[in-house]
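Structures given as structure tokens follow.
Two complexes are shown next, each including subunit A; its partner changes from subunit B in the first to subunit C in the second.
The block that comes next holds the complex of A and B.
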């Protein structure tokens, strides 16, 4: 845009017929259009995932009905009917699938309940764990990153970078095991004060004060292991972005304007430096919903991760299919949110 | 009265490899309403010289001498006072072609910011009103307050930088290569604009550039810098037509005279590279590249001495009348 510099005075630039349309900076329409476009591509990805999910489970080896025979009472006729359905032509099965891609009527073979009910039971626990750990990791990680990057080479920078690099390289389940050893079982001088092995004390109602306290108490260790690893990630990225911004010309302008150091940092450096970290946080949320498998398994925390693990162990294909779909959707949705948030902050993205 | 008076200013950077004296004993003053140009090759210390006025150099650098802004030495100021002088007394026109504007903030917000910081009585609305007036003065439509930097051309951004520098009505305007990276037509417009502003507002203006022809037609006085020192200064036209220092003459030789076919086909360059300020030659810093250097040049320290009305040069041959044209 605006390849031409308006002449010495502004007549050319003020002429709406020549410059008005291209040059007029868009206010809201930019971000609105971007959001609409992004939602459309998100829907496209979702459609692809739905189709892919069907063929993925067609490719799995083994007999999907094997589990029914041993574990459950099922009449020979029902089994035969299921068998017939499984042996029908692929296009017919695909047609049936597309008619109902969410598979609202499919049942979990291990729990004997509709799959979406099983997922709905586990989801709140994952959200509690995810919410706590993401909040901790984001706030602490970004704070460390800003401080370390702004004072590059300081003692704080050197110490925090050393620690966060160590945490970044740590597998979260291994950290979880250590935390259980030190703070749950108790070991040497460490008190075993935090419970593990569930998400709430047995027999407690989550909607009572005791229940809430118990939930909080149970969340500490798994949330700490997740938060530690992710905060390392966020602080390292935030620090690197801050260091990148330090040499930028617009910060020299801000300094020359007579702003206080704090105003330069908060008003100019941090908003520019936060873009990569914000993207990463939202992408990670999408992944952690399904990706807390190791931590949830180590702590026997009854969220979606543990559910996935159990479904794999028990060949619970209908449940797995629903879980895969759910995880894909969460990744797609949070990807989309990340893009839209970034576009809201950075006008250059909206082009 | 001089609104900017630099007295024996030196600045030394201290990287781990050893001290780098980037500016050495510079005396330079700018009166109200006067336009002074500083020319020199890249790395001669002209940008560093500007950074001393608002103390924008890195914390690790050491300075010496005095920089008086409206009679007050900035090197003695507490940080509170320094922040008030920044933009309030002296402002910088940075290179608009670079990322001198925050890429994710609207132009209006960036221009309003210094007004709100320096003028405690200003409101958001009064500041915005002033910003619109300034945009109009620099020849931009006022609706650009809602634009982001990437939506503007290089020339438009340079006008924004000028408007930004004027937001707090400074007494001194420091222009850091204000026309570099702009095409020739736009260069001329920007320089006309700057000159007009200096005249109308009776500000002191210091323009640094590596382009001597740009300075000669727009400045009252010119100082030539080499290796951190001023080697020659004088009235612009006189200096341009009648360069005294061999370095100035070499700079002039690099520009062909328009209409003179001979000079066009034989531009005389300057052999060699400027010295690294951390490792300066002995005596006159210019002697290894100088056409008229003698043995004496590598031992005697040169200082600025009068060579004519309002003219100074730092060369023993000029002062002895040998090198004068």
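The block that comes next holds the complex of A and C.
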């Protein structure tokens, strides 16, 4: 539906040409125009993040130069040049920052390597953890949500809603600690079978069979703790949208046509109800990239989260700033992907 | 002059009518709310933790929390029959039960205060962005979108560093600043739908100022939604605060459930099998977060007629 004018019917709606255009949007140009508009607002958001990132770190207390130098060897001339740069007016510094927002030459003070190299080293591990947990959370969460919503008020619905609300309230790192206690340390009747430090056995090459098995084994517990908490989110939303669809007329029509209950659910209700969940999944991917900090810390899993944690502990501001930018951009990008995917699936959104 | 002897009907004052109407509405609300068992369950849990938080200083004297006063206790002693040590001791030999009781205080205080702050900012920005068209409304909307994409934990960390020391008030401000965009978005959507109704047009035609339209006509209509949403925000803020405490970003002298989990993790409680220092703090967090979630969901249904009819 087109946006409603507060003052009743707008002139545009009465204009026959305008009306006709809204009625029959061409499929291709509709999604293309939508995508272009979405990219534009995405760029605006990106600009805000850049400005925010610059001024936030500008405001940090203490001597930035001492922090920048850290334990590294920097010649006196270079330091003097940097000092001069720091004393230039704020707008000039900002201009320099915007010219090179990625700060490709900035170095991590703890690792003594360019920040983007440090981030690139940690990224694959985060992607493995993120991919596994998102896949688990999505499949299980949506399945529970569909079943609970379709059979609203059933025993399955009551039990699963209770459990998912409980998981929703659970801090994921606490779940991680429990999993370590039960399945890594071994406790009471539980065997300690899973490893809980690092992401791969020491000395193993990730590109061998043993290496891949070791990686899989190391991923189980952290992925399980992330998945459990996020699946609660997905199943609650999926259930709510299923319940919203239950009373719709088109389901009545489908029933009147004599379709089987399963066919109605799969072919009609689920596709319509899944839009909010799809949006949420993409939004969460953006956030989990930066939000797995606690889980990665608990399991000493060497991804971006643990990197952030180490950067906080060591006051490694260049690294923290780069990570902050990376996390914001990933949220923006996945936000954009979510909107575009939804618009591609659901023509109503494009208008 | 004759005295008026006709029987008079006492005309109730406007204030009395209003009072009566409120009483009826409150009674109706309580009746509607108490039809939901899950909501009552949430209220029950919440009342229990409020009682614990209020009584903690009287039941558990402060020396129990002082690391220096408990040096003679053994570290990670398992639960015992003595009341103070029902839950054993922590990594510094302190009573875990006492810490649990004291830990209820910051969770409730920070959770509620930060959510109120988020509610105020979110409602202001939401109504303004829904009511005003053009540049001002547009920029308010953009502002909301921008704050929505800030990665939570890193933002909080940096804000914390910028604002200086980690007192409990700084934590309230930091969590308040980062928790409002969701509310703003919701309020904006509701404002747009209220603005489309004829009585707003009437108010405009009668010459009400923007301020009067927003405060007298829009605000009362978005308020139920805001209250339900704020209750749900408290749950999220308490979880976020637990995360912050776990990362060591809270006042280190403050006893909190997340801080307990931080110590448990740092001293290897999981590896030593000290479940009594690991499991109870997490369960307390879950209980309080669950309580606010259940209450919030019930409020949503009770206050939102569209959902209630389902």
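As a convention for this text, the second predicted complex is superposed on the first by the 307 of 351 C-alpha atoms of A that agree within 3 Å, B and C clash if a C-alpha of one lies under 4 Å from a C-alpha of the other, contacts with A are read in each partner's own complex, and residues count from 1 in each chain.
Note that a residue touches a chain if its C-beta (ideal position, glycine included) is under 8 Å from a C-beta of that chain, and two chains touch if they have at least 3 such contacts.
Bear in mind that the values here come from a model prediction, so they are computed numbers and not experimental data.
Touched residues of subunit A, counted separately for subunit B and subunit C, are more numerous for C. Once the two complexes are overlaid on the shared chain, A:224 sits clear of subunit B and of subunit C alike.
Look at A:307: by the touch rule set out above, it reaches neither subunit B nor subunit C. Of the two partner chains placed around the shared chain by superposition, subunit B is the only one that A:346 touches, whereas subunit C remains out of contact.
In the superposition on chain A, A:324 makes contact with subunit C only, not with subunit B. By the touch criterion defined above, A:128 reaches neither subunit B nor subunit C. Shared contact residues of subunit A with subunit B and subunit C: 4, 6-8. Subunit C makes touch with subunit A in their complex at residues 142, 145-146, 149-155, 157-159, 161-162, 164, 192, 195-196, 200-201, 235, 239, 242-243, 246-247, 249, 258, 261, 264-265, 269-273, 275, 278-279, 281-282, 285-287, 289-290, 293-294, 310.
Of all the residues in subunit A, the ones that touch subunit B in their complex are 1-10, 13-14, 19, 23-25, 27, 248-250, 252-260, 263, 267-268, 271-272, 345-348.
Against subunit A, the residues of subunit B that register as touching in their complex are 54, 56, 83-88, 91-92, 94-95, 98-106, 113-114, 117-118, 136, 139-141, 143-144, 146-148, 150-156, 164, 185-186, 189, 192-193. Residues 4, 6-8, 41, 44-45, 48-49, 52, 56-57, 59-61, 165-166, 168-171, 173-175, 177-178, 180-181, 184-185, 187, 243, 247, 286-287, 290-291, 293-294, 297-298, 308-309, 312, 320, 323-324, 327-328, 331-332, 335 of subunit A are the ones that touch subunit C when the two sit in their complex.
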